[in-house]
Every structure is written in C-alpha cells, then in structure tokens.
Amino acid sequence: MGLRWLALLIAGFILAIPTAAFADDDPTPSESPSESSSATVDSTATPTDVTTEEPVKPSGPGIAVTLVNSSDKSKEFPKGRPLEGVTLTVIDSSGAEVGSAVTDATGLAFIPVEALDTYTVELDEDTLPDGINLNGSNQSDPVKMRLMAPTYVDFPIGATKGEKASFGDKLAQSLASGIKFGLIVALAALGLSLIFGTTGLTNFAHGELITLGGVLTYTFNRSVGLPVILAGLVAVLLSAGFGWAQDKGLWAPLRRRGTGLIAMMIVSIGFGLFLRSIFQYIYSSSTKTLSQYTTQGAHDFGIIKLADKEIAIILIATVAIAGVCVAMMKTRMGKAMRAVSDNPALAASSGMRVDSVISTAWVLGTAMSGLAGVLLAVNSQVNFLMGFKLLLLVFAAVTLGGLGTIWGALIGSMIIGIIVEVGPLFGVPSSIKEVGALVVLVLILLVRPQGILGRRERIG
Amino acid sequence: MDGEQMTDATLPKLGALVDVPNEPGAKKPDPIVVGDDISRQFGGLRAVDVGHIEIQRGVITALIGPNGAGKTTLFNLLTGFDQPDSGSWTFNGQPIHKVPAFKVARRGMVRTFQLTKVLSKLSVMENMRLGATGQMGERWWMAPFRFLWEGQEREITERADELLVRFKLDAKKEDFAGSLSGGQRKLLEMARALMVDPELIMLDEPMAGVNPALKQSLLGHVKSLRDEGRTVLFVEHDMDMVRDISDWVIVMAQGRIVAEGTPAAVMADQRVIDAYLGAHHDTDLSDLDEAAIAEQVMTEIQEGE
Amino acid sequence: MDLMDVLRAALTQALGPNAIVFALAAIGLNIHFGYTGLLNFGQAGFMSVAAYGLAVTTVMADLPFWLGIVMSFLAPILLAIVLGVPTLRLRADYLAIVTIATAEILRLIFGSVEFKEQFGGSNGITGYAKTYKDMNPYSGELDLGILRFSKDDLWSVTVGWTLVALGCLLVWLLMRSPWGRVLRSIREDEDAVRSLGKNVFAYKMQALVLGGMFGGLAGLFLALKQASVVPSDYSTNITFFAYTALLIGGAARVLGPVVGSIIFWFLIAGLGSIFNQLTDGADPILPTWLMTDTQASLVRFIVTGLGLMLLMIYRPQGIFGDRREIAIDGR
Amino acid sequence: MSDTDSIRAAHQTAAEGAVLRADNVIAGYLPGVNILNGADLYCLRGELVGIIGPNGAGKSTLLKAMFGLVKVHEGSVTLDGVDVTNQRADQLVSQGIGFVPQSNNVFPSLTIEENLEMGCYQDPKRFTERFDFVTDLFPTLGERRKQRAGSLSGGERQMVAMGRALMMNPSVLLLDEPSAGLSPVMQDEVFVQTRKINKAGVSVVMVEQNARRCLQICDRGYVLDQGRSAYTGSGRDLAGDPKVIELYLGTLGATG
Amino acid sequence: SDDGDKKKDDDKAGSDTSSSAPAPTGDGKLVFGSLLPATGSLAFLGPPEFAGVDLAVKDINEAGGVLGEDVTNVKGDSGDTDSGIAPAETDQLLDAGSDVIIGAASSGVSLTVIDKIMSSGSVMFSPANTSTAFDEGDYADPDNYFRTAPSDILQGAVLANLLVQDGRKNVAIMARQDAYGETLAEQVKANLEAQGSEVAVTVYYGEKAQSFDSQVAEVAGAGADAVVLIAFEETTSIIPQLIQAGVGPQDIPTYFVDGNTASYAQDASAPLPPGTLEGTKGTIPGAETADDFKARLLEVDPDLKDYAYSAESYDAVIVSALAAVEAGDDSGDAIAQHIVDVTGGGTKCTSFADCSALLADGEDIDYDGVSGPIELGDTGSPTAASIGIYEYDKDNNITPVDYIAGQI
C-alpha cells in the first residue's frame, strides 16, 4: 500500500507543476501550431473577413467562387493574395451557359442562377495572372445546388495539402498512446486479476468498478470542489472502501452459502447492470468534464508529443503497477491469495483467515480499478459507460496473459493497449480498431491455449 | 495365448514367462505392448526415459517404483494423454504413439487415474453407463429415438449393477458421484474402466485408500479378468497385493526401468529393497524398539537446541 | 395506476416475440453451457451470422428468400465449426473470452464503414421480410384483454413458439439419451471421458453446432419479426441477458430457458410499465426530485440487476434447477 | 441397547481429561442426510489414535467435523475441555490443531516451498528451521523446492501435504490417510515419523487404510462403521480381533 | 382505447387528397406515443425532444384538442440499439392506443421498429432521424413513416459549403461510426469534393470506442487546415484529445454538426474551459429556435439545457394533429394520408390554433412550424428546410450566425 501513496504523491507533484504553468484560463496551450494552420488562421484575406468590409456580399441562390493564391512560387503574388480579374463561367447540365463573372479585388465572383439544378463552373485560365497556375482541371465537378444561398466552388491554386506526418512519427506517437492506454488497461486488469486470482470469480461488474473511480473523481471535483488530484485520491480511497463493502455485503454471504463460481459470475453480471444503471440514474448519460487539465496542450519531445497529464498518467500507473506486482511476489499476502484461490478449505486448514484474505483482494483490486478510472477520467473525461466499454479489452488482456497471473495481466494489457493504438497504422480500420486486439487475442490463444504466461495443468 | 488357461486361478500364471530373463527391457513371447526409446522431459527433469518395454499379453504385470519414478507419466504417454519428446510404441502390433487418447481407449487400452476423475454431477450409475463402449445412443442421429438404444441400455445397466455390487457401491447407485468418499471414488474409477471391457486395463494405484477387506475381495476380480484372457498392468505401492496377484513386476526409478522379473525375484533384489521397499517393510513397526525411537527423539531435540 | 395495463404489458411481452428470441438463444446456451459446460459468451455472434446470412443473401446478393433461410441455417453451423476447431480445447473461462471476442469482432465488422457494401454498415439491412410477412395467415389482431398481439406479432408468436416447442422436444429427447450423458460428462471432466474412449472433441463440436444453430434460429427469428438487421442488436448484452434468462429458469433443465425468458420479459416489461405510470403526467405519483420519467425507465434495469443477484443468492439453481447439483460444486 | 449405552458410558469416563474429544457427533453434508450418527472419539494428551473402517464409513467426515470443515448438527467437539464445536478452521489452527486432508491437500499453483510456507502461515519466523526438518525427511521436496505442486506425482504431493502439517507446531495433529500413494519405504517413514512426533508430545489422530500398519503403531484404535464407532481398543487387540480381521482387515499379507 | 383505430390490410391510395373522407375508423381520441431515448447512449438527446412533444400536446389541448377531444401523450423509452428495448416499448405504446408514435431519435433504433409500427397502422413520425435510409428502398414509398428532421443531405451540403466559403481546402473529418455519423460524413465529403476542396482524411470511431488516441493521431497527422467533428456527447472527450495532439479548435478551425453543437459553457452539463471553442462553427437543422419557444419549453421542463430537435418534435406532433383534424379521423392510416397535405400548398399558418381554425373553415393549409417551413415530400421527409449556422463565443455558448434554406 505504501508504494501507491508514493506514486500518488509523485504524480500529484507532476500534475501540480503544469497547473501553474498553463492555468486553465489559457486555452491556447499548443506551443507549436503547425505551419499550414497558422497560414489559414492568420491570413488576413479570408473571404469572410473581406465580405464584412465589402458591401457586395452575394446573396440568393448562385455560384460563388473565391480565388486565392496558395502557391508561394510567384514573387509578385504572395501566398494568400486574392486573384482579381479571372473569368468564371457557369454551365448547366445541358451544356448551356448560364452566366459568367469576373473576380473582384477580394477574389470573389458571383453568378446568380434561377433554378436549383446541377451546374459546372469553368475557369478561364487565360485570365489568370502570369506565373499563377491552376492545380488541376479548369472545370469543376458537377455541383448539385440545394441552397437558397450562394454555393461556393473552389479552384485550387498552388499547394493545398499540408504536410502529412511520416509513418515513423505516426508509429512513435501511436506507440506512446498505446503504452499509456495499455497502462490504464493494466491497472484495471491487475485489479481484475487479483480478484480472479483469489476467488476464481470472473467479475463482469469490473467495468463499473473502473467507472466508479471516474464518477467519484467527477463528484469530488465538480460537486465538492476539490482539485482533481485530491478528488482522485479520495476516489481511490472510496473505491477501496467500496471493494471492502461489496465483499462484506455481497460476496461473503454468497461464499458462505456455498454458491458456485458460475452462479457468482452471473451475480456479477447482475451487479454490473445494477451499478451501471445507478450511475446513469445519478449522473445521466452525458460525458462529464473535470475542472482541470481538460484542455492541456502537449509538449513536443521530438518524435512524440505528450501532455503533462499524459506523462503523469504513465508515471502513476507504472509506479502503482510496480508496487502491486512487487507486493504480490514478495509478501505473504500475495501467496496467501493464490493459496486461497487454489483451495479455500486447505487455506483455512493452514491457518489463513480466508475471508480476510479475500477481503484484501477486493479492497486492493477495486482500488486499482478505481485508480484506472481516475486516470481514464483525467485522460478522456467521465461517462457512466467508460468502464463498461473498457471491460472487454480488460478481459482480453487478462486472458491473453494467462488467467490469474499478475505478470500475465500486465503483459497482456500492454500488448492489447499497443495493438489497439498501433493497429490502425497497419490497416486495421480505425473505427473498429479494437478488432485488431481481439484478433490477436484469438490468435495467441490458438497457439498457447493457456495464455502467454499461463501454465498447463498436469493430467492424471 | 488364449489357449493357455491355468487351472488354479490363484497361482501366478508364469507359463510363457517362465523363460523370460529377469532383466530390464526383457523380451516377452507374446507382448501386447512394445515400446522403444520413450522419453519425456519436464524442464530439466527427465521423468520418463525408457529404452525398451514389453508387456506380456494375458498376464498381470505390476509396475512399481519410488514416488516420482515416472510411472504415471509413462501411463499418460502410453495412453495418449501426454506427448513424448521421443519414442514409439505399439499396441497389438499397431503403432499408437501418435493416436489421440480416446482412440487408444477404443482400441482396448484403458487406464484409470491416480488422482480420481469422477464425474461429480452424474450419478454413480450414470458414471458406470458412460463406460460402456459402442453405444448406439451416443450417436447424435440415433439419440433422439429411444427405441433404438433402449435394449442396449438395459444390458449395460445390468452389467453395471453387477460390478457395483462387487465394488460395494450398489447402495450409492443413485447418488451423485461427487458425494463419494475418497476410497469410493477409487472404486468407482476402477469399476467404470471395467465397463469399457478393455483388452488391456491399466490401473494407476487402484487400491490406494481402499479398505483392506474390500481390497482382498477385489483382487479375486482382477484375477478373473486375467482368466478371461485380459491383460492387466497396474501401479501399486502395496507389496502384499503385488505379491499376491502379479505375474510379472517391472520396477522403475528415475524414469528408467531398473529391474524386471517375477514378484519373488524382484522383491529379493537388494537394489529394489534399498530404493523402494525399505528395511522395515516386512517387520512389524510396533516391534521396533520403542526405546530406540525415544532415544532418537531425544538426540534430535538436543540437536535442535 | 392501472394494474391492468401493467399486467397486459408484462404478459404481452412475456409471451411475445422478444421472449421467443431469448428463449431460442437460451436453449442454445443451455446446450452449450448447461449440458456441455462450454462457456459460450458469443451467442450474439451466432445470432448475427444467421440474421446476416438471410439479409445479405436476399438483399445484397438478390437471391430468393428461401435460399436466404438456408444460408441463415448454414452460417451458424459454419461459424461453430470455424470457431470450434481451434478453440474447443481451451479451458472454459478462456473459451468465454474468445467467444465474446469473436462475437464482437463479427458485430464490429458487420457495422463497419469499410464493409458497408456487403453488410450495410451500422444502418444494417432491411427489405427481406416480405415473403415471411406475406405468409401470415391471420387477418386480424388477437385481443384477450390481458394479452394483445397485433396481426404481425400473432404470426411471429405462432411461428416462434412452435420453434421453441420443437426445440425443447429435441433437447429433451437428446438429453435423456446416452448422447446427452456424454455431454454432461464432458461438462464434469473431459479427461475422464476421453479415457473411456469417447471422442470429446466431436461431442463438443456437435454441442457447439447444435447450440449455435439455436442461436442462429434466434437471430433468424429476430431478423424476421423485426424486418431489419442492425449490427448493434447483436452486442454482448444480448448474450448476457440470454444467460440471465437461462439461469432464472435453471441451467441443464429442458424448460429452464423458456420459463426463464418468459419471466425475464415479464419483469422487464412489467417494471417498465409500473414505473412509467408512477412518473407519468404533469402530477406524477412519485415526486420528480425522487425520480423523473427519464430515470424511471432505468429502474427496471436496476431492479433486474438486483433481482438477478437476489435470485442467485437465494435460489442459485434457478426456478427448475436441482439444489443438490449446486451443493456438489467442489470449490 | 443397554449394552451400547454402557459401552458409551465407559468410553465417556475414559475420555475425561482428553485433549480432543468428540461426543455423539451427528453431522452431514446435505440437509437431512447424516453421515455421522453419533460418533464418539477421544484422544488423550500424547496419545496416538488410529481410525480404520470401510470406505464411506465417515472417517474423513469425522476429522472434518472435528476441524470445523463440516457442520456438526448435534453433539460436541471439545479441545482441552473447551467447546470448539463448529469453530472456524483457522481459529482451531491458532489453538494448536493441525490437519492433513485426504484429497486436495496441496495448493497446486504454489511451489513446494510456498506450500510449506503456508504450513507455518501463522508463525512465519519458524519457516527456515522447520523447512530444513521437512526436507531432511523428504529430500525430494528440497531438491524440487521451486516446482509447482500441481505438477507433482501423486506420492510427491502426499509428501508435500504431510510436510505442510509438519511445518506447523500443533499440539494435536489430525491426519487423513497420510501414507496413501507413498512408496513402501516412504510409508514406513511416515509411520515412524508420526510416532516420533507423537513421542515428542503431540497428540495424533490418524485415519488409515493401511490398517495393519496403523494398528501397529497406535496406542488406541477405533473402527468406524456407518458413522459410529463400532470397535475400540488398543491397536494390538484390534489387529488380533477375528471379527475386525474378517470385516475390516482382511487376511492379505497377514501371514507374509 | 380499443382496437377500432387500426385499419389493416388496405393498400394506401395516393396520399395527396383531402376530399371525400371515408367514415372515421379511429376511436375519436388522438393518442401520441413518444418513443424517445431516456436511457442508453443517446439519452442526452431525450429531454428536449420529450419537452417538445409535451409542449405541443399542451398547445393543442389549449386550442381545444382534436375532434373535440383532448389529445394525450404516452411516454416510451427507445433506449439505444444496444439495450434492444425499443420493440418492447413500441408494443406498449401501441397497446396504449397510440395513433402516432413520435420517434425514434436515432436512425438505428428507428429501423428496428419501423416495420412493427407501420404494419400496426399507426404513424411513425421521427423528429430526429437524419439517415438517408428512410428515403430509399422499402421506405421510399409513401407510407406511414414521416420525419421533420431534414435528411443529412441538406446539412451535409450546408456544412460543406460553409467550409468552402471559409476557404478550407484540405479538411479532416472525424465521425462517429453509426447511422448518423456515416451518412453525414459521406455527404460532407461528397459535397466538399464536388465543390473543389479536398478531404485529407475521414476517420471513424466506434460507438463504443474507449480511446480516441489513434483517430486523433490520424487527424493530427493529416496536415489538414480544418477539422469537422461529427459526434454526439463524446465531443467532450474528443476535444481535449485534439488539443493534446495540437489540432484543437484554437490550432485549426473546427466545425461541429447538430450532434454536438450544444452549449459547453460553465453551466452546461459538460462544461469545457472558457475559450476552448471560441470561433468554432456548427450547423443545426431547423429554423431559429425562437427565444419565446425556448422560454415555453423551459416552462415544460425547467431543467432543459439543450434544445436540439425540440422544435422538430413539436412540429411532428402539431402536423399529425392537423392531419387528424383535416381527415376528421384520428386513426393512424387516416392521419398518414393527410400529413403531406397539411405541410404544403395552401394558406400558410404557423400555429395549431390558427391552422385548425383555417381547417374548420374548409381551407387547404400549409403549416410552417418552429423548425422551418416544413414541406414533406412523397417519401415523408422534408423537401425543404433550413439549417442554422452557429458560432461559439469565448464562453463556449453558441449564437446563431446565419440560417440557410435549401431543398433536398
């Protein structure tokens, strides 16, 4: 336990520094906005700006074209300069000319049309200033007009594309995200694994234990007004308390009745549904934001960009995970937990208080999941489904590593986290990026049915 | 070897084995199982490392050896429950070292488990019925039609009833097998294997935890199996039983076969006595000098301080 | 509060098409989990391939309706085999995760933009159910006061309960046979069964296919009665709820899943209706600070969750189950 | 009837001052089905008591009932004169009772060393000292200390189970078939060691199917049948009783 | 209610005439059932929609009801497609004698119940379905399905036009993968490309996505000069991550759609730090939600924060009621035959009281509602509508900038 406090302290410290540096009233935290975007934003010649000055704002149905030079080749016409005097012609679907116009000083030309129909626009390249070239056809695609207002058509002049990130950069960035995500998953997975490793229970309500950390942070942050760090601390503590309470109130009585594991698993499905609905009852279904660190910008570390809160998340998670792993390996309690899971009756015969060992597992497991929820909340805000959505990946992680093994849960989580985030770079459609991780899970289990670190049972 | 019936069933059936030399890996006149270079390693531990093994058909062979000698592992390998690192073996002349476990059993080589595997939530009777082979009702396309398998089921039940009486489990017939005591589970395990009607039955410590009186009456049953022409291979640590019913004894230690021979010859072997049987094994422990023990205890206590 | 309305709402759902979908899915799970011990948490996957089998064949490939039906029978069988060959050797809890994962993979792929051409994206597919609707022999609705079915539902209910009855009959016939005995033995200890010369893999596969076919049947029926196939219908929740229904009724009992589904829907609809009435209108019975009408519809889930927990605590064997069987459980 | 009553009365007088005693215990696993039907047993301080009997007689159940693992419906269990009926097992452990179950008696996913460590869970300081003692007795356990118990052979498991009990420092030791599955030399070792421990002052109650051996070393024996004690007497008496031989011991190996 | 109000297997004739009304088949009481999201992932859309329905019912009854009877409103919860409760709830609504079912909000949910409702003879009138699926295939025919929300075609056109107008030449689209997000993203993309802008990347995230990191990274790596975010309430998770990746609204101009153009001010349910969204633009279908309409909604539901689709819900109820008045019959099928008629061609009127008075005088009416001119076409979807363009101020509140009318 001691180690976690340390972790939280360190993390709190780290989080506190940027609070001072980027107070939340400074909403433009990005230190290096990219070139292309600044060009657009800073451009003094955007049509909207101009039209406010010029009285000739086009109105009514028609085709409008604004020509601006985006190429920086020509000295005479710098980038962002409107092109005047270019002739544009609108042709209807039968090929007949509807009308034409010449761009004014702001680069704008407007050709009103009578009917909402499909039109093509043609640019007379001869009227373009010298040294300025079109990047493509001088005829637009057919435009189906629907609006009772000007329909704008654009002709690209000069480069339009911003610089795309290189594959290597993307890979580094996704790896970083993957590690961060993997660590959050790992916290939750360790919690699940602890409980599974002690009671044998596949806890389908585990997602809600993650959510609990998130919603408690939100409550103490927004409703009580504590700073996020303090609220998170309280949330972890209360999660631990909740772990204790749910064991005493629900699982211990079930064990005393000799309820089977499958029946308990179904109870956990019910419990999950119950908690989820309660969360929604209280917090409604919208995504809630925390009061701090919501819009923290990233630092550029060369190949990757990370915000301070992301660094803090990674550090806190690492410290907490390391603490728990060491505790599990070294202390008597860790062995007692495995012993209880192997054979509760024999554990009692060896003098263990089975109930208190299990209780400890619940407290620790729920606290870890709560911490995962807190970190998730800092990373991507709070929603009553946040844990439930994560549950399948947590299960996948725990299974992948080998059920009930602490290191297995850790390795599984990192693999899952990284594959989820890196997969899209290798062709997994990003809308279903979880598929990549799930497929890997299935494939690995085909080769190693007992999970990566799981062991085969002896027969006979 | 079917023609060779002993008149007195209680006598060891040496017959064909009389000429077989008492040495490890000895060739038998009519082996049912022949294995070569079977090895299995767990990490650095060579659990089984058998150069050559033959099991004579139609006799009772005992497999003995210290704990962890590899007896169970050898059983696992022979019956396809575990895969060897190397080696091959045949059953009835056919290679079966790559055959899956259930096919091995179907060919007539059935084993029991040292740590019993009863089907807890099935009744004892259902456990028994499951053992029977060739049940038509076990094929899905016949299963729904009761009339197709009713008759067979009745026969099976009769056979099971008989066995249960013999194993003193008849009173427990309708109880869940999960509610049996430790010894009763052993009994059920053996009885169920007999339901398969195997040619070779491999029993892994069948009598551990079985009451001596019942054990004795069951030995008669095992002998009658032999007399029906079946082959029995069993692992046992009870030397009285080994001496009483086995015709041939194979001794394993540290994965290898270290001795083979008739019960009397093997048990007289000094190496076997040293490593396995122990000096006291034929003495009455209550005859051990109580004073000696007390003395030993005293010295130990002194040492401890 | 109109108790009559509550009762009608509850009964109509309890005997209506939704309960049938769950009953069919739960019968399949009963074969998988109740009898064979295969912890299949991917029943939604079997349902979805059957539903998409029909919809894709008839709408996307423009083939006859009956061919679609055939496809929706073949698809779950194929899935069972493809899934079973590699995974049946996994331990129960591993199998659970792999099946969940498979069902989710299928659902995500069915709903993805990339495969919109083939599977209709997240809008799903409609427009295949005309033949089914046209076969409806009824010309009017059924109204028994406490039970009311529209014309379409009446047809679905007729078809559905017939299927459920046939399914139960088949399960009953199979499970009292030696074949059923082998399945139950596998549930207890595979190695023991193997040592007796039974091909455990083949039996598991048979059970997986049979249970998967019932899952498929549930999906097909859902697709027909609803006339649309939407990927989000086949999320893991539906598997969870089917398990709930199964355990309410009692696993490894022929009628367990059916009774469970009926009770499940009776409760869901009944509770929904009660709390709706309690919070409805300008001057609701329950004060709004306690419960708004938005929150009211949550209460049934809260109560369902609670109910499931209480049921497992006080009657872990379900309605029909055998108390002794539970007591044997070794842990 | 009066015969059994008088026997029971005699038994009860003899039980005065026993360190562990069970009186008229009625217990069972399922409601309505009693496995023990009024079993009596006592064990004096420093005594070695053996229990034999047919399979399913209720021997293991009796041990479990005394150890709080099976619910006692009627009757009482006393430890040093204090009623401990239906007490939690871990509490009994701290009061000095040790128990080796018949089956499932190791933690499969723990290594041998960890299994033994669990033996002195309540007193971890004694670990090194006792560990040396146990590995001296069963050298295999020392050699394989990092092997998971789940992968051990049947006999090796039994050694671990016995070793775990030896790690404790109990005043009363309940052993359920400690010799099952062990090789003859190891069986003898277990019997001799049990006797030794007993001589060192530990009261032992041991259930055995290796009945002859058990009766050879015990001070007093019980024959349990159908949930009650059918015969009691000194080990030698029982081993010689023709009734006991016929019903429970058999003749196999008796003359050898 | 009784069974008499459901006309069965009777092929509907052309839906345009109001002549020779057949004998009424309804029970005389017009009942609305609202099948709107109270639970599930779309629950945040529910309150304004419920409020719109409630307000309309109130207005109708204050104006004397329909056919001399007060209209009533039964509530149902559509959930999301995940919970699968929509069909069961629909049964309950139909049981309660609903002649018109207002709902569902999500196109996906609507598809699960559309057949059930249509074949029961009731009207299904969605205030918020924007998927193009309802104008295609089986549902293209005139039938019992209607909606007041314009299909995504128009919003897509307006948003794309706005982008081109603002000079965005290389746009990244990030969209929720569902019936809503997909269609809208496709429409925006198609229009952008036709009008000469490029789409740098279109990334989708799953409805249940837990992390948006890889999608955000893809957007950030695309080198785009504008971001279109088609999302629901998860916007509050995505925006911070966009900012983290250096492509937040203050780095690159960002555009919202109706799903997320809501208030993120400090008093909203999910506030973002002030200034975060300043200058961001968004589109919402519907004419200006007039302040007095908002005020009246607040009377119905004082807790209301957003107003999305409240006007559409309101209009759906009013239009149905007017159709019932014109038909002189409250059965679903009768209403269905008159809905298109009351929304187009005739004397314009803008409130239930006015319109029903005109109808009583035997006039043909053209109802123009709070959500726009409302001209429903043959497929039951609006043929004309107006889309509002909004812009965020430094407090993350939206203010309308422009309304653009268009035809679909």
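A few remarks follow.
Just so it is clear, A, B, C, D and E label the chains in written order, and each chain counts residues from 1 on its own.
Convention: contacts are C-beta pairs under 8 Å (C-beta built on N, C-alpha and C of every residue); 3 or more make two chains touch, one makes a residue touch a chain.
Bear in mind that the values here come from a model prediction, so they are computed numbers and not experimental data.
The fewest steps needed to get from chain D to chain E, moving only between touching chains, is 2.
Counting C-beta pairs in contact, the chain pair with the highest total is A-E. The innermost chain, defined by the distance from its C-alpha mean to the mean of all protein C-alpha atoms, is C.
Summarising the inter-chain layout, the chain whose CA centre lies farthest from the centre of chain B is E. Most remote chain with respect to chain C, judged by CA-atom centres, is D. Averaged Cα coordinates give chain A a centre that lies 60 Å from the centre of chain D.
Chain E has its Cα centroid 76 Å from the Cα centroid of chain B. Chain B and chain C have Cα centroids separated by 47 Å. Each chain gets a centre from the mean of its Cα atoms; for chain C and chain D, those two points are 51 Å apart. In chain E, the residues that reach two or more other chains under the touch definition are 39, 43, 177, 204, 206.
For chain D, residues that reach two or more other chains under the stated contact definition are 29-30, 151-152.
Of all residues in chain A, those touching 2 or more other chains are 277, 280, 284, 429, 431-432, 434, 459-460, listed in ascending order. Listing the residues of chain A that touch chain C in their complex gives 200, 202, 204, 250, 253-254, 257-261, 263-264, 266-267, 269-278, 280-281, 284, 344, 392, 395-396, 399, 403, 429, 431-432, 434-435, 438-439, 441-442, 445-446, 449-451, 459-460. For chain C in complex with chain A, the touching residues are 86-87, 89-91, 93-94, 96-98, 100-102, 104-105, 108-109, 111-114, 191, 236, 240, 243-244, 247, 294-295, 298-299, 301-302, 304-309, 312-313, 316, 326-327, 329, 331. Those residues of chain A that touch chain D in the shared complex are 332, 335-336, 338-339, 341-343, 345-354, 404, 455, 457-458.
Those residues of chain B whose C-beta lies close enough to touch chain D in the complex are 42, 64-69, 71-73, 114-115, 168, 172, 179-184, 187, 205, 208-217, 219, 237-241, 243-244, 275-278, 280-282, 284-286, 288, 293-294, 296-297, 300-301, 304. Partner chain A is touched in their complex by these residues of chain E: 39-44, 153-154, 157-158, 161, 164-170, 177, 193-198, 200, 203-206, 208-215, 217-218, 220-226, 233-237, 239-241, 243-248, 250-253, 269-276, 278, 404-408.
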